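Got a structure for you, written out below as structure tokens; questions coming shortly.
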Amino acid sequence: MILDVILFYGAAFVALASGIFVIAQRSPINSAFSLIVTMCSLAVMFAMLGSGFIAVLQVVVYAGAIMVLFLFVIMLLNAKQDEGDRAGGIGRAAIFLGIILAVQSVWVVWNGSASLPTNYKETTSADVARGLFSSPRFLYAFEATSILILSAMVGAIVVARKEKGK
Amino acid sequence: MNVDLLPVLPAIVVVIAAFVVLLAGAFAGSGLRVCRNLSTVGLGAALAVLFVAPTDGNMGGAIQGGAYSAFLQGSILIVAILAVWLAAARLGDDQVQPHEFFTLLLFSVVGMLGLATATEAISLFVALETMSVALYALCAMPRTGPQRQEAAIKYFITGAFSSAFLLFGIALLYGASGSTTLAIMARGVSQGGPLALMGAAFFLVGFLFKVGAAPFHMWAPDVYQGAITPVTAFMAAAVKIAAFGALGRVVAVAIGGLSDSWAPGVALVAAFTMVVGNLGALAQSDLKRLLAFSSVAHAGYMLAGIVGMDGRPEGLEALLFYVATYAITNLGAFGILIAIRRNGQEPAIATDLTGLSRRDPGLAALLTVLLISLTGVPVSVGFVGKFHLFKAAVAAGYSGLAAVGVLMSVVSAFYYLRLVVLMYMEEPEKSTEFRIEPGFVPTIVALAAALTFGLGLFPGPLMALARAAAASLF
Amino acid sequence: MGLLSLLILLPLGGALVLALGRGLSDSTIKRFSFGLTLVLFGLSLALLAQLSGFESSAAYRFEERVSWLPQWGISYHLGIDGLSLWLIILSTLLTPISLLGSWTSIDERVREFNIFILILESAMIGVFCALDLFLFYIFWEAMLIPMYFLIGIFGHGRRIYAAVKFFLYTMAGSALMLVAFLVLYREAGTSSFDLPALVRSPIDPGMQMGLFLAFALAFAIKVPMFPFHTWLPDAHVEAPTAGSVILAGVMLKMGGYGFLRLAIPLFPIAAKEAAWAIAFLGVIGIIYGALVSMVQPDLKKLVAYSSVSHLGFVMLGIAAFSPMSVVGASYQMLNHGVSTGALFLMVGMLYERRHTRLISEFGGLKAVMPRFAAVFLLICLSSIAVPGFNGFIGEFLILVGSFTLSPALVFLYTLGVILTAAYQLWLVQRVMFGEVTTPKNANLRDLNAREWATLLPLVFLSLFMGVFSSLFTPSLEKPVMKIIQDARAKTITRAGVAPVLPSSAEPRAETGGDQ
Amino acid sequence: MFTPERIVLWAPWMVLFMPLFGFIVLAFLGGLAKRQGKHQGMMVIATLCTFASFLLTLATVRSLLALPAGDHGLHFVQPMLPLNWIDVAGFTIPMALLIDPLSSTLMLVITGIGFLIHLYSIGYMAHDEERVQYFSYLNLFTFFMLVLVMGGSLALMFVGWEGVGLCSYLLIGFWFKKKSASDAGKKAFIMNRVGDAGLIIGMALAAAQLGTLDLLELSKGVGTMAREEFGVFGPLTLIAIALFIGACGKSAQIPLHVWLPDAMEGPTPVSALIHAATMVTAGVYMVARLGAVYSMSETAMWVVAAVGGVTAFVAATIAIVQNDIKRVLAYSTVSQLGYMFLACGVGAYGVGVFHLVTHAFFKALMFLGSGSVIHALSGEQDMRQMGGLRTRTPWTFWTFTAGWLAIIGTPFLSGYFSKDEILIAAFAHNKFLFGLALLTAGLTAFYMSRLFFMTFTGEYRGNLEKANAHKADDHSGHGHGGHTGIHESPAVMLIPLFILAIGSILAGYLPVPHFVEPAIRVPESLPHLTWMPFLATGVAAMGVWIAFLLYAGSLRDMPAKIAAKYAGVKDLLDAKWGFDNAYDSFVRNGLNGVVDISERVLWKRVDAGWIDGVVNGLGRLAVEFSEGGKLLQNGLVRGSALSILVGAVALLTAVLWAQR
Amino acid sequence: MSWFEAAHAGFVQAALAVSAFLFVVGTVGVFIRRNVITVMMCIELMLNAVNLAFVAFSRAHGTIDGQILVFFVFTVAAAEAAVGLAIVIALQRNRQDLDVDSFDLLKG
């Protein structure tokens, strides 16, 4: 129990900190690694919140596959470091708006979650599978995802392919 | 598990068509014409399925067939067929593998069909992303010239950004209700609470982005300008139908109970969109940017229908009618750009149309009809549609929004009329040579113009369809 | 198909024939459309077969009603009373005249020209027939497009500016009216846009003023009332002759018609409250128009501003809202159509001969073109409202009828009368009298047969209407009386107060100047 | 058909119709006739039409008098067409005439003198290019003048009123190529228009307040109303004064008189017909016609009398110093019209009308005579260039003498009777006005004698060659004859002179006041003052005597000396009491100011600047906004995303706000 | 309830707060980073934040929907990343610059 609590809040802290690192780093590589850290911390939180299956997926798919893709592209393109923090007026405006938005959204979820039900229960991958396939409700989305991925594939190929003769 | 596939049948047909096109292109090396014809057949078959098969099912709550979905799907499919033909007219110029292009186009149509039918947040999101991802790629085609990629990256970044908001909105609505099914969401949402409010707001942000409402519109001019014209035409027409269709459903089914909270805000957005769109178009010389701002403005008018819903189907009915007819009209207007070759080039800036009526009075007249409709001057479907939208807004108590709308229509007259001025009242330079794409493009434009004018005179049948569609959600 | 539908659809059909007809020569096109408009004029005269009916009651005649968009209670509802009757005849008369008047001056894009004129005619007739707000609005706006093209394609120097200004100005005016339609629809609770039904249903007095102002703006711009008139000089100056004739002859009348047909019957309480403002602006328009007209160097602009002045009379008459003044105003609308139409035709003739409209370029034309000068003088006299001409009847009725509204306004009115005479005669003097100063003017051709044919009907009418006004006024009087009585009845029952505008026809010998 | 009852119903219409017929024939066939050189025929047609009208008038009057009298002993008929001119909302103006003694009298004058002047014009205009047009105008004028006097309601009267004004405008500006002529025409029209505005207001007031414009009903109707005392500005007073403003304009009363002298730019017969005998008396006719109304308002009566008296005097003084023969006559006309108004103003309407009739004869005569003189001198109008014409144009001289004697009030000639009665009436009413009138009588005698002596007696002072040369320059205008040398006019011009001379002598014996009195409905009872004829004659004789001394007798150098000595008075009179200057400066400064303001302020600033500025400014503002928006739309993805963020935050705020 | 019990009970609330905050962090990151790949990563960060919210809500309601949704978000994120990175590659090939502010051909 105590371990749960420590793990959870520790992970939350790490997630927040590494999240800030993501946007504070000038180098894309560093950002990417920070992001991976964030994702892993989030995975811990997922687990503590009783969604073990999702936590695993988070690490495997997200931190593993997607972020590798990112890293790969960063390496491939030999992405330069960000040229400093010259975010300019847009950045400052965004920070300003971000503060407002943070206040608002944190306030909203804080107050909103106070009235949430507390039907806590651990879920396993079987629950997820049952939820996903026991009714046609999510079947549709599941099948649609295949189209999504296919079109992403085709799209990626079409876009990134080298021009013939170039 | 008993799965009733009937409501997804049209989408399935389109998916099959997409596979066939992809495979035919990849393995049989089919050319433009074959791909075009295959796509047309597929879309046509989907349309036929829509008419023939009883699609009234719900797949466990993920999607919902019926009048509303059918109306949207029908509109999308018709627009898609026209877009396929417009694209076919242009792809010959550009170095594009036609089968890839048409596959992506068909995939995005699948996404749109999903959007039009989805009654569950997950399906909705996946469908939206299917459509978007295909469109991002379409925008980047062909790879010649950095404009395309720039348009694509802009569309992609802003699109993904707003998707995140949409997703957050869904999360919050889910938090407020415990379900991702719209109808069940409505129960939780109607009790109010900060989660539901913020969820509704962010949900709206996501869709307001897709429909191009101000201030979520700034991508539109750049993307419209950067993409090739058939893609622009397809986006301007079909995306609007799908996005507004989904938005209308969500508003009617899920967050309608909260309309007291968000309707004033959306009314402001609508007014702001009309103003920004119309004023923005005023100073544009680039034709596609002009049409982009014009489409922003029209999104504003259509939002008046959302605002005018207020628990009654009239606003939705107006919205459906308008978005369908607007798509046709707009497609016709883009068709003109595709049909014309001025000194061998597609007309890019407004003055490229100078003296068109002297060279091709017929095409000029058609464009005039379309522009008149876009302005909203009778006799045209644009007028009937606006009348309908503003009527709904006024009935819901938003007379001020209607006033802004009509005044902004006057502003819009200025820039639409400028094109008419150029076509009819200015003399072309001696060396200007207009060549008209032979064959089917002028026919498509003529068809659009005829629909625009004819529906302006006799809107009854289509309006009845829209009415039935809207009523099915209430 | 009823007669009114025929009147509306026939020109459209003609336009379609011209649009689709291949290989028609210019002269065939001209003859075809001229013939068609003549036929329409004949058809419109057939409406007079029921003249006695128009004179005996205000009921709508030749009514046609086809359900159009039943879910909104919109129908294709046509019908005319005496008020519309004459305006329709005016439209069908001026159209062939303007076609004939531009027979030689339009030699390019003849097909388009005739198509636009025919569409315009259809829309104009439609406006006067429509008894459904939606239908009315459609015709109302549809008029703009052909006129826009007429000005923009066939006009002179700054034609594009003028065309766009015309279009935007008038469209802006009517835009808010559309919203008012919708609010009215919501408020009236009739679930229809049928005009008679809406007129019958009472509107909340609190809502009336806003709605009335929205209507009034649309109509005031069309009239045009000071200070919404600045589109008119530009549009007139740049328009081709036919455009000017129709614009001045018919389209300006729609403002006054709109007030009488829509704004006042629908919102009588607000109309009553706003009457003084309209009257005031009307009188300002009279004097302002006359003064500005006086100093115009351009013939057409002069006539254009004179329209502002003349329609000020009309607005005063409508605002005074006594039977005499309103009948006078309606009559004056017809008069203005005839006389100003003729003036524009004549200015067009001068322009055709000399390619200038500057007054300073002319002078002494009486010696060169005596017949032209004679007709010009006659038309000016009609415009000055010399008794015996049509203008007098209208202005006199307005004057007598509006006397009780405000004597002070009436004195200003008479100032306008003097100024009108001043600028018109000054015009005649500068153009017609004196020596021929410019050698180019020495050999100008006098009127030819075609030009006679365009002018004679108008000259004849301006005299005929000046003498035989009682052939026209009874049919105008009936609808006017009905409008006034209905409005009064509503004003009393709704607001519980007596009308402030008493009938001037009642002798009121016991009181002094009504302050 | 030919019983009196029948005749009075159709003959008046025929009276009206004949000159109109003449006009139409001339207007439509004139061009043809001109091309074929058949001017003569056209002119004869016009003249015959007028003559036929005269004969029909005679028939009408005879039949009218043969009818039984109505109430108040009035013989009247109201021939009516089965058609209303105006018929709106219970307010009708039928197309009805009113034939009673008053209108009959005027009809006789108009058609009679009109015919004579047509006849005269045949000779006078014999060489003018546009004489057919001239005759058509003349016929049209006759028509409108008849409408004016025969119209049964104020509105119909107004038709004639404006119509004659129009013809006057056309005829004054007949030689339109002359700037002065067209200016004078315009001046006349606009000044009349000022008066007409008064008339219109008066009519509107009458229509609004009394509910009718029918002349008979008005006269009858006001009888039931309360008389308005002096200083009370009740409706009747307002109506009467407003109408009187109209009368002032038409009848050239102060301050609207300045157009009449300028109107002498027209051909002389026109001056005789329109600006002496008929049109300018329309105001008098109207006041007399509405005598019943005027008599109900003391204020209005006072105004009429005062304006009349003052005008009579002022115009007479101005006439003294005029050298243009026609201008002397014009001012004389103004003065005599003042007399008539004076008579009306003191309640002696019949007398006013009587003077109208006699004046019509002698003034027409003198105008035609002067025309004959001018004709003889090939266009010379300056009296200083005349003299000794007695022998050169004997017939003109003798007939002119008759007119002269009549106007100065020589006993037993027409002027004597009418003027006498005016003096008596004035005396009975207001001693001051009487004094003014008496003085005017003396002045009249003086300046008419001055004119007479300067023109006909003594030696010829002019330069004939110059006159001829001048004529040669101006052949397009005054087309008098191809003769050279001073010559008597042809018979066609002299016959009218004779007839008018006879009329001038004998018209005083017509019982006009008695005849018209029932029509006016205001009883007139003048005191019988036996001393008045002697006094009047004496004053007149003195005027003649002084004139004789100064211009024909031994003191011929005196006028210059007097002028030098009383330079102030001379200047005042030369300046026409300042009226013309006031008008000119009003026109120059005031009117030009108005034109200037209209152009610079109203048109270019208010219209083009402000109103259009706002309109175009809105458009520009929109475009500026749009251009500004283009800067914002700088193509940066982050900008686009930022606007999404802004929108999201704003929408979120709005939604949270709305819920609160 | 002990402090850690309260803390345990507050998991959902805390997770939501973290989620909201991370979302905003990601949002801000989109604006202050100029490398287009970093920008995309910031968007991924936003999606992750949303995932946390889904999981938290899923726990609160005891329904599986939230978790399933997260499952789909993974897929969508993958698809988006694929296309997005493809576009980036194409861009890089055409203009050798990944600074988002350098994409300004289309404007006005």
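Going in written order, the chains are labelled A, B, C, D and E, and every chain counts its residues from 1.
In the analysis below, a residue touches a chain if its C-beta (ideal position, glycine included) is under 8 Å from a C-beta of that chain, and two chains touch if they have at least 3 such contacts.
The structure presented is a predicted model; accordingly, all values stated were derived computationally and were not measured.
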Partner chains shared by subunit A and subunit E (touch criterion as defined above): B, D
Touch-network distance, subunit B to subunit E, counted in steps: 1
Innermost chain, taking as reference the mean of every protein Cα atom displayed: C
Identity of the chain that, by mean CA position, is farthest from subunit E: D
Centroid comparison with subunit A (C-alpha atoms), farthest chain: D
Result of counting contacting C-beta pairs for B-C and A-B, higher pair: A-B
Inter-chain centre distance, subunit D versus subunit E - centres from mean C-alpha coordinates, in Å: 97
Distance between the centres, which are taken as Cα means, of subunit D and subunit B, whole angstrom: 78
Chain centre separation in whole Å, for subunit D relative to subunit C (CA means): 36
CA centroid of subunit A to CA centroid of subunit D, Å: 102
Junction residues of subunit D, two or more chains touched: 619, 630, 633, 635-639, 641-642, 645-646, 648, 652, 656
Junction residues of subunit A, two or more chains touched: 90-91, 93-94, 98, 101, 104-105, 108-109, 112-113, 116-117, 138, 141, 145, 148, 151-152, 155-157, 159
Multi-chain contact sites of subunit C, meaning residues that touch two or more partners: 168
Chain-to-chain touches, reported pairwise for every pair that qualifies: A-B, A-D, A-E, B-C, B-D, B-E, C-D, D-E
Subunit A residues touching subunit E - in the complex, by the definition given at the top: 1-2, 4-5, 8-9, 12, 15-16, 19-20, 22-23, 25, 28, 31-32, 35, 38-39, 42, 45-46, 48-51, 53-54, 57-58, 61-62, 65-66, 69-70, 73-74, 76-77, 79-80, 82-83, 85-87, 90-91, 93-95, 98, 101-102, 105-106, 108-110, 112-114, 116-121, 123, 127-128, 130-132, 138, 141, 145, 148-149, 151-153, 155-157, 159-160, 162
Of subunit B, residues touching subunit A in the complex: 1-4, 8, 15, 22, 59-63, 95, 97, 100, 103-104, 107-108, 110-111, 114, 120, 122-123, 126-127, 129-130, 133-134, 136-138, 140-141, 143-144, 149, 152, 172, 175-176, 178, 181, 193-195, 197-198
Subunit A-facing residues of subunit E, complex: 4-5, 7-9, 11-35, 37-38, 40-42, 44-45, 48-49, 51-53, 55-65, 67-68, 70-72, 74-83, 85-90, 92-93, 98-99
Touch list for subunit B against partner subunit D, complex: 153-154, 157-158, 161-162, 165, 192, 194, 197-198, 200-202, 204-205, 208-209, 214-219, 221-222, 260-262, 264-266, 268-269, 276, 279-284, 411, 414
Residue ranges of subunit A touching subunit D (in the complex, touch as defined): 90-91, 93-94, 97-98, 100-101, 104-105, 108
